[in-house]
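Please find the structures below.
Each of the next two complexes has subunit A plus one other chain: subunit B in the first, subunit C in the second.
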Partner chain A sequence: MVCATPQQQATFVATYAAHLMGCGIHTSRVVRNTKRVSESLNFAINISVFQKSMILTLLHKETHHTFSEVVEIPALPISFEHNSELSALSWEAIDQKLPFELLETKYNAIISKSRIDPLFVLLLVGFANASFCKLFGGDWISMAIVFSATVVGFFVRTQMLHKHINHYIVFIASSFIASLLASTALIFNITSDIAIATSVLYLIPGVPLINGVIDIVEGHTLTGISRLTSAFLLIICIAIGLSITLFLVRDSLI
Partner chain B sequence: MILINILSDGFFAAIAAIGFGAISDPPMRAFKSIALLAAIGHACRFCLMNYAGIDIATASLISALVIGFGSLWLGGKIYCPMTVIYIPALLPMIPGKFAYNTVFAQIMFLQNMNEPVLKAKYMEMFFSNGMVAITVIFLLAIGATIPMFIFHRKAFSLTRHKN
Partner chain C sequence: MEVFWRTIANYNNATWIYQVILVIIGVILTARLITKPGQRTKLAMKIYLIVLNSWIAIVYYLIYCEERKYNNILALFWGIIACLWIWDTIKGHTTFTRSHKHDILAYFLIVMPFIYPAISLARGLSFPSITSPVMPCSVAVFTIGLLLMFSENINMYIVLFLGHWSIIAISKTYFFNIPEDFLLASASVPALYLFFKEYFMRDLHKDTKPNSKYITMLLIILCIIIGSLLTATLFIGLIQGK
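Let's turn to the complex of A and B:
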């Protein structure tokens, strides 16, 4: 086997960093992990992170060559599994001085692992939103209605995201469908406003919201604000979908 | 009766955290910690608000602190970063009802532009609900992150396997 050149190693570090950033990890952890990996490969590194791309400058300590990498940050689904496994990999790399080939193999194994079964997630989300309804004071019928509305809405969301439809449209459509289904609660004499309110909550982008605040507090203001901005745009889309339902049923709500 | 209320609050919060967490694909070994912390955190806020008479913002901050410290403790045991555990655990505390009321008030405000009394009512509703929603989200994130600042050396090496 041919030994990997420093150039290939530098590209690997850039891919690693972009993947971390893409799957929803707050910026300071991405920087720390990437520094660890590059140090294990004998690089000194400086990183600038932006919302859609990142710039890495790596200095190879043996050859004194400098490599500059600009990578696009891919739009990946959020994955906490990748977060913890890739963080652990960065410690392993530096503690056990992993050779480059092994590091790359382990990285590929982690990112190609399959996600949790989508059908199972669908059920869990339904139950989650139904218990949310309970927490807000909804009764059992409202919970059942919220459960079915959420399952349908989440299914629509997954299918539409799968077809690469613009995600603003996906959020408007799925929040409209979920809240419209939940408004069937108006037929029964129950806590229907709670049912409608909770039916769209599975769409709230909680992870970018919290990551954005963490980034700002830790001084990565630029990425923090951009995370919050994109989260707020999605929340506005949820509100639009919900408003369409409210327009349709508002007379029976007051 | 009070005990049953607290327990059922924690129970439903745990289910909510597991379900919303599952969207973000956490490692299987983290689910137990997520459920435990979500239940403790939400029940803690429930008690503070209903029995101690503390407002929702302060109660959320205190509960988020509890979740943050809990994730620091549990994260080290299962080799998971703090955020992997505490973000799903915080999700049930996001004030959805207030966010919904904000949107509802906005629509009703625009529908009642010609009626000063109703207009003022919905304007007030919009701002009070919006303010609560934004403050609570911010305090939740800050509260859970504070332990990371205090114990940064431990927090940054939770995924390190010690030989």
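Let's turn to the complex of A and C:
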């Protein structure tokens, strides 16, 4: 078996860090996890994180060779599973002094795990939004309408993202479709306002918002602000979609 | 509720001859699609569906349902479905390829637009204040039946929009006292289950979780919940009727 070179190990550390950033983990946790992994591979590391890329400088403690890695942060779906399992892997790496080959095998096993069935996600998102409707005081008919509107909106979003359409346009379209379908509640004497308002909640970029705040609080101001900016742009897109519906069906925003 | 039935009466009074023409064209095209499904027939059926959905949006909702509140929302809704059919005609998503998997349910759904007025008459209503085959729910149930009969390649957007209409139909039975809409709601539940199952289960050879049997179970439970809601609504309606 051929042993991995320090260069290959450094590249692995960079890939690991980029994957963590891509799947929606706040910066300080990415830095901590990556430091643990690099420590287990006998590297000292410095990391600079930006919105779209990362720069890692790794110093091999034995050979004193320095490796610089610039990696692009991939646009991955948010994954709490990858978050927790890759964090656990970093602890395992340092606690059990995992050899590089085993570490890489475990990493590949985690990232290639089966994804959640799209139909399952579609239905659960529908239920989640219908529950929001109930939490805000909506009645059962509004909940059913919100469920259906969310399912259609989420389906539109998924299909458009598959076709690599600009995600701002995707958010405007999905928000418009979901709120338009929810606005059919207006023809009944029910809690239609709540139905319309909650129909777009599935689009709210909660993870980037939370991560942005955590990043700023923990001193990663640059990434924090860029994450919040992206999140706010998406929220503006949701508002545009919702506003189009309101202007069409009610001639005003309120 | 009075406004609701008055607008239906006005619509039927003024457009019955056009409705008859639309129904005849629909019957001929459906028969040809089943017996001799050529490219021209398939294209003609798509054009027919564009016209039919545009008719519901413009003639039914914008013109004759002007009295109703928020008629523009429903006009927009049916206008979008008409646009989806235009897009489908250009892109060719729906191929109208016969699947022979759900023929019994499909035939039942295709015939259902004629059952609608029969139920209205059985309830003691008389023309023009009755449901007709060229009304939103009849068109929805006909389209669902047609898509189910030719379910090899279907446009899921249209299915989802019609599914949303079925949910509205459940609510309409409460608010506007149209028990006929139970037909659409109750018939669309198994149809939607089949559409979802076939559309999404095509990808199940891929490694996804949870296991496909749990997803199927979830779908079945969802359909049972909707079915139970329908039954409860029906019983409540019957009790209130007594």
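Here is the rule we go by: the second predicted complex is superposed on the first by the 250 of 254 C-alpha atoms of A that agree within 3 Å, B and C clash if a C-alpha of one lies under 4 Å from a C-alpha of the other, contacts with A are read in each partner's own complex, and residues count from 1 in each chain.
Convention: contacts are C-beta pairs under 8 Å (C-beta built on N, C-alpha and C of every residue); 3 or more make two chains touch, one makes a residue touch a chain.
Since the structure is predicted, the reported quantities are computational estimates derived from the model, not experimental observations.
**Student:** Sharing subunit A, do subunit B and subunit C clash or fit in the superposition?
**Tutor:** They fit: once the shared chain is superposed, the two partners occupy separate space.
**Student:** Touch test for A:148: subunit B only (first), subunit C only (second), both, or neither?
**Tutor:** second
**Student:** Determine, under the contact definition given at the top, whether A:32 touches first (subunit B), second (subunit C), both, or neither.
**Tutor:** In the superposition, A:32 touches subunit B alone.
**Student:** Could you say whether A:249 touches subunit B, subunit C, both of them, or neither, answering first, second, both or neither?
**Tutor:** So A:249 only meets subunit C here.
**Student:** Looking at A:132, would you say it contacts subunit B, subunit C, both, or neither? Reply first, second, both or neither.
**Tutor:** Only subunit B; A:132 stays clear of subunit C.
**Student:** Could you tell me if A:120 is touching subunit B, subunit C, both of them or neither one (first, second, both, neither)?
**Tutor:** both
**Student:** Which partner chains sit in contact with A:187 here, subunit B, subunit C, both or neither? Use first/second/both/neither.
**Tutor:** The second partner, subunit C, only.
**Student:** Regarding the shared-chain residue A:160, is it in contact with subunit B (first), subunit C (second), both, or neither?
**Tutor:** After superposition on chain A, A:160 lies in contact with neither partner.
**Student:** Could you look at A:111 and tell me whether it touches subunit B, subunit C, both or neither (first, second, both, neither)?
**Tutor:** After superposing on A, A:111 lies clear of both subunit B and subunit C.
**Student:** Quick one: name whichever of subunit B and subunit C touches more residues of subunit A.
**Tutor:** In the superposed model, B touches more residues of subunit A.
**Student:** If you take every C-alpha pair with one atom in subunit B and one in subunit C, what is the shortest distance in Å after superposing?
**Tutor:** Value for subunit B versus subunit C, nearest C-alpha atoms: 10 Å.
**Student:** Under the contact definition given at the top, report the residues of subunit A touching subunit B in one complex and subunit C in the other.
**Tutor:** Shared contact residues on subunit A (touching subunit B in one complex, subunit C in the other): 115-116, 120.
**Student:** Across the complex, what residues on subunit A touch subunit C?
**Tutor:** 114-120, 122-123, 141, 144-145, 147-149, 151-152, 155-156, 159, 180-181, 183-184, 186-190, 248-249
**Student:** Quick one: in the complex, what on subunit C touches subunit A?
**Tutor:** Listed in rising order, the residues are 68-70, 72-74, 76-77, 80, 156-157, 160-161, 163-164, 167-168, 170-171, 174-175, 196, 200-201, 203-204, 207-210, 212, 214-215, 218-219, 222.
**Student:** Can you list the subunit A residues touching subunit B in their complex?
**Tutor:** Per the touch definition, subunit A meets subunit B at residues 24-26, 29, 32, 77-85, 87-88, 90-92, 95, 115-116, 120-121, 124-129, 131-132, 134-136, 194, 196-198, 200-202, 204, 206-207, 209-211, 213-214, 217, 235, 239, 242-243, 246-247, 250.
**Student:** Mind listing the subunit B positions that touch subunit A in their complex?
**Tutor:** 8-9, 11-13, 15-27, 30, 42, 79-81, 83-84, 87-88, 90-92, 94, 96-97, 99-101, 103-104, 106-108, 111, 137-138, 140-142, 144-145, 156-157, 159-161, 163
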